[in-house]
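So the structure is just underneath, and the comments pick up after that.
The chains carry the letters A, B, C and D, assigned in the order they are written, with residues numbered from 1 in each.
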Amino acid sequence: MQLNRSEMLRAYRQMRLIREFEERLHIENRTGEIAGFTHLYSGQEAVAVGVCENLNKSDFIISTHRGHGHCIAKGGDVPSMMMEIYGRRDGLCKGRGGSMHIADIEQGILGANGIVGAGSPIAVGAALAAKIKKNGGVAVSFIGDGASNQGTVFEAMNMAVVLKVPKIFAFENNGYSEHTGAHYGIGAPDIVQRIKSFGMPVFEYDGFDFFSVHEAARQAIDYARSGNGPAAIYGVTTRYFGHFEGDPQNYRAKGEVEMFRTEKDCMLRFRKMVSDAQLLDVAELDGIDTEVLALIEQSVVNAKAAPPPPPETVTQDVYVSY
Amino acid sequence: MAVKTMRDAINEALFIEMRRDGRVIVLGEDVSGGAGGTGIRDAAGGVFGVTKGLFPEFGEDRVIDTPISESAIIGAANGAALAGLRPVAEIMFADFIGVCLDQIMNQAAKFRYMFGGKCVTPIVVRMAMGAGMNAAGQHSQTIYPMVTSIPGLKVAVPSNPADAKGLLATAIRDDDPVIFLEHKALYSRKGEVPDGEYLVPFGVGSTTREGKDVTLVAIARMVGFAERVADKLAAEGITCDVIDPRTTSPLDEELILESVANTGRLVIVDESNPRCSVAADISSIVAEKAFSYLKAPIIPVTAPHSPVPFARELERVYVPSPERIEAAVRSVMKAG
Amino acid sequence: MQLNRSEMLRAYRQMRLIREFEERLHIENRTGEIAGFTHLYSGQEAVAVGVCENLNKSDFIISTHRGHGHCIAKGGDVPSMMMEIYGRRDGLCKGRGGSMHIADIEQGILGANGIVGAGSPIAVGAALAAKIKKNGGVAVSFIGDGASNQGTVFEAMNMAVVLKVPKIFAFENNGYSEHTGAHYGIGAPDIVQRIKSFGMPVFEYDGFDFFSVHEAARQAIDYARSGNGPAAIYGVTTRYFGHFEGDPQNYRAKGEVEMFRTEKDCMLRFRKMVSDAQLLDVAELDGIDTEVLALIEQSVVNAKAAPPPPPETVTQDVYVSY
Amino acid sequence: MAVKTMRDAINEALFIEMRRDGRVIVLGEDVSGGAGGTGIRDAAGGVFGVTKGLFPEFGEDRVIDTPISESAIIGAANGAALAGLRPVAEIMFADFIGVCLDQIMNQAAKFRYMFGGKCVTPIVVRMAMGAGMNAAGQHSQTIYPMVTSIPGLKVAVPSNPADAKGLLATAIRDDDPVIFLEHKALYSRKGEVPDGEYLVPFGVGSTTREGKDVTLVAIARMVGFAERVADKLAAEGITCDVIDPRTTSPLDEELILESVANTGRLVIVDESNPRCSVAADISSIVAEKAFSYLKAPIIPVTAPHSPVPFARELERVYVPSPERIEAAVRSVMKAG
């Protein structure tokens, strides 16, 4: 399906937002001001955005430890996210969640999640609610190559098929599970076949091509939304930074990341495709870049200047009532 | 009021709450029973018959049989709760928390806190717990110490049919995740149960016997044992406050502390293993906050530090007995 | 592969032992003398025996909650098992395990297990040990249709493939998972395909035909023992009694069990096959039946008369040292 | 003796024990790192670098990288142990016990008991635990109360490099399953470590400061905090026994009871949440067995009943601080 101009511009802006958010965090991280573990999504933008551009606000996603990209793509507020990652009082989670637990239920974002594989069964439940309420909603969980081997993900796939819920399993193979190659951890010769064998269709995508992801996700989401039960998407992508900030990536060949950055980058590809096909004007895209950079800059400045959470909030919101 | 088993009292609470609120759903293994079989549906109503009859009335959208996938059961409950439903998930035996703890401990219990107070996760996890049926090491554990230790969870441990009904209704209406533990050996226990809608608040213990000499705190099945001992000793002139906390989280500290302020002596009966138990927990609260009232050592009466054995003769000595409780009460009477 | 006379006689005796053990327990159970939950294996004998007749004493099996059959088939001592089920001091587990935890490590029986799906990862470990020790051993876990949906089983399948261990996944579809039909819980249209997709061959068997099970198991075990990594077997069987003792089985059609007993019974089939082909003499088989009945009778008599475990053993063997 | 970090001390113990006994294997996620990658192998040696160098020396038969499948990791360790090996499994963060509790609680811990004493399950499960790194709610929990409560498990909680080395060696040689908890915030902590084979026995606590006024029991990272307070107060003439139990199961009850018999006052510092904690556990043991010696309430100093927060400012108030410990010591001095 062809996207219209404003849809393409929006998608580009979302990808750029993620990219700049992450690249900036990578730099900021070295200042020591950002606490905890931070897992960056740079390189994978086409996947999050390709999926989420097919969703409504009332649809749900649930993310992984590498959650910023999915969160931004689903409409997470960038300045509030930045505040959260800096651990500030006015962060999206009041500084109690941080990078690994960024969430915005209002936007249908059921959170980044620090437990690999935990999101999929939760999304089955969100999809179940949509099915019971008959509100036409769907739920998506994102699943890394490493996560695809966790028992909870398999259980969720089977449960989703049994309950025939509108759930999309969005598999994202970025080549590595921490320091381990994807094909070491996945014993199956063909992971797509492994997913299909659970009883759902798999729509494959090229993770370096936004349009490919967008189309695969559209088909999967249509399938699920139409009451056919769960569907999956699968494709290969790459991450530019280490597993977490500080990882020297010596388990990757020298030059591997550089090659991806220069030859396969999803944003360069997007720019080239839309300008070659004369769908969008490069100047327009540059304008977005400038605007996004300013927003990120402002977000960082604000976050740095913002007050920390008051100490007494350490015991706030453990319960609704107790 | 009518006399009912705890099984029927819980079943009634489920009916009432499901009729009252269309967002309440039930899910778990064999909660109706017979799905995909060649015989009748609602064949089981759960292995203990607690969910019997729900399927015929509420249908497959609200009474959901699942595969044997406990992580996915609790996970699905969590997700459905975040999306606005009020799921009551059944984990057949509490021991199976081993295969779904993450969704309870790291997900349900923590969402609200980690997400800045911007969501609720109103799930109830019903689990059958406890020894007394010779079900051996993997089907007999009480697990309330573990779940009581986890911030973000509430934990109900009813000791009688009326409380079971009232606490379950409260659990379902509560916006926080609740672990609801049904003692298997109490399912057929009968008692008066109030008709219609009935709520027992969380964090409010009940004093089932009043006395002046010893405070006897007991959990779930142990409450009956404690009462028996209290009644027996009352004839000798030793009188006990028997306190059933009803929920271990929140815990009615005040009731226990006030009682100890009167009696000066405390015995805690807990069917769990001793280490880091609820008995230890209550003891430590009292040793901190009511120390000056204490006349005697605090005696926990618990199971030994061993798995639950199979044979009748072994399980009998494993579970705290009225005899051991009596001995503990006598020992604190002697001590001070 | 053709079995010789003594192998066939042995196999028949093993099946008969299981059958009479279980049928007798079903009767004894009504006396109220047997405590706890008892899950009987009647009807499925061909599977346990068909598999275990291919194993050496030093190979390992791990069973399920429905463990008597696997245990007997792997060489568990019948009188000691009976004592255990009666909860006696001299039972195989000193009365501490009972029906659900019957084990005999000496015989390579890593136990019945009350947690559905727990056995498969454990058997992966036993197989890993065999691989590391290079002793030619294999490990088998038995997996019900219901258990096949548990996350731990999927994890174990993947792990076994990744580590290329000599592990056999013995799937036994007896039609029901407690009160739920097998095909309700298994969302996949084709469970064999689901297993294969993990990256191992599946050898299918007819669970009512001992020879079919034996041959499938032989191939799977040969495959694994030869260093090719894990393999699976899959087939359909049935159980004659309820999920546990006391279950009225009203989730099954009236007459279903009767039909299986009269038309598909694995022991009747065995007798017919070997006598039709004139491989064994019916009188010989009858002789085994008589001998087995006597052994079971004696086991029950002994178990009933045996002393219970002394109370102080309640805290015995929690640790080797503490 | 040489000064080493706790990370290096643990690494050394692994090297020594693996060289000593060919049955010892290591398995877990990224324990070498780089498997199936395009770069170098042994790239990580575990995310905390604790298993670094093992792969080059012992090879892929004994240093086994696994998929992200914690249940299968512990399950495989259990099976390998039953079959005669001595596996050391790594669960990267202790919080992940949520996805593998069954294999720990219902399998490893219970085999020997349920199987009539006829087997051993000599596994060690190494896990990184604790707050202090702003790793938030799912990567910061101490989980020793949970595992201490489970009969059949032993639990080690080293507070310094030498103990870490000696306790790990003991754990590997022990025939029972051991949960070995490494506090993340102590990995880079340095200390004198004995060279060569070195064993620290289980169930034997160490008294790191001697005093007469207050018994200060502390666990893992809290030992250092307790020592700091003890040193500070000693200057004022208030002296403390600082006791590091080193293993919470078995627990050196005797050492604690003897100390309390001398001091009459007890403060317990535990980074866990308060309910059913090891602090509560130790308090209850003392309230039962050394009651008559007590001069003051027993004060547990723990984290609050809340998940571990992310922000620095919040985590700082979450973790028990020297200030709070000092206040507790002063309060028991005042009380009696």
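We adopt the following convention: a residue touches a chain if its C-beta (ideal position, glycine included) is under 8 Å from a C-beta of that chain, and two chains touch if they have at least 3 such contacts.
Since we're looking at a predicted model, the values are computed, not measured.
Enquirer: For chain B and chain C, which third chains touch each of them?
Expert: In this structure, the chains that contact chain C and also chain B are A, D.
Enquirer: So the centre of each chain is just the mean of its C-alpha atoms; given that, what is the distance between chain A and chain C in Å?
Expert: 45
Enquirer: Measuring from the mean C-alpha position of chain A to the mean C-alpha position of chain B, what distance in angstrom results?
Expert: 40
Enquirer: Between chain A and chain D, what is the gap in Å from one C-alpha centre to the other?
Expert: Roughly 35 Å, centre to centre.
Enquirer: How many angstrom between the C-alpha centroids of chain D and chain B?
Expert: So the centroids are 30 Å from each other.
Enquirer: Where in chain C do residues touch two or more of the other chains?
Expert: Only 93, 96-97, 101, 113-115, 149-152, 155, 158-159, 162, 184-187, 318 qualify.
Enquirer: Please set out, as single numbers or ranges, the residues of chain B touching at least two other chains.
Expert: 66-67, 69, 71-72, 95-96, 98-99, 102-103, 106, 113-114, 136-138, 151-152, 304-307, 309-310
Enquirer: Which word fits how the chains touch one another: line, ring, star, complete or other?
Expert: Here the contact pattern is complete, since every chain touches every other one.
Enquirer: For a test of understanding, state which residues of chain A touch chain C in their complex under the given definition.
Expert: Counting only chain A, the residues touching chain C are 149-152, 154-155, 157-162, 184-190, 193-194, 196-199.
Enquirer: In the complex formed with chain C, which residues of chain D make contact?
Expert: 25, 61-62, 64, 66-67, 69, 71-85, 87, 102-103, 106-107, 111-120, 151-152, 154, 174-176, 203, 250
Enquirer: Which residues of chain D touch chain A once you look at their complex with the stated criterion?
Expert: Touching chain A: residues 29-30, 33-41, 43-44, 47, 65-69, 71-72, 95-96, 98-99, 133-139, 304-307, 309-314, 316-318 of chain D.
Enquirer: With touch defined as at the start, can you tell me which chain B residues reach chain D in the complex?
Expert: 71, 95-99, 101-106, 109-110, 113-114, 136-138, 145-146, 148-152, 249, 251, 272-273, 275-281, 283-289, 291-292, 294, 296-300, 304-307, 309-310, 335
Enquirer: So in the complex, the part of chain A that touches chain B is made up of which residues?
Expert: 60, 62, 91-97, 101, 103-106, 110-111, 113-115, 118, 120-133, 137, 139, 151-152, 155-156, 158-159, 162-163, 316-322
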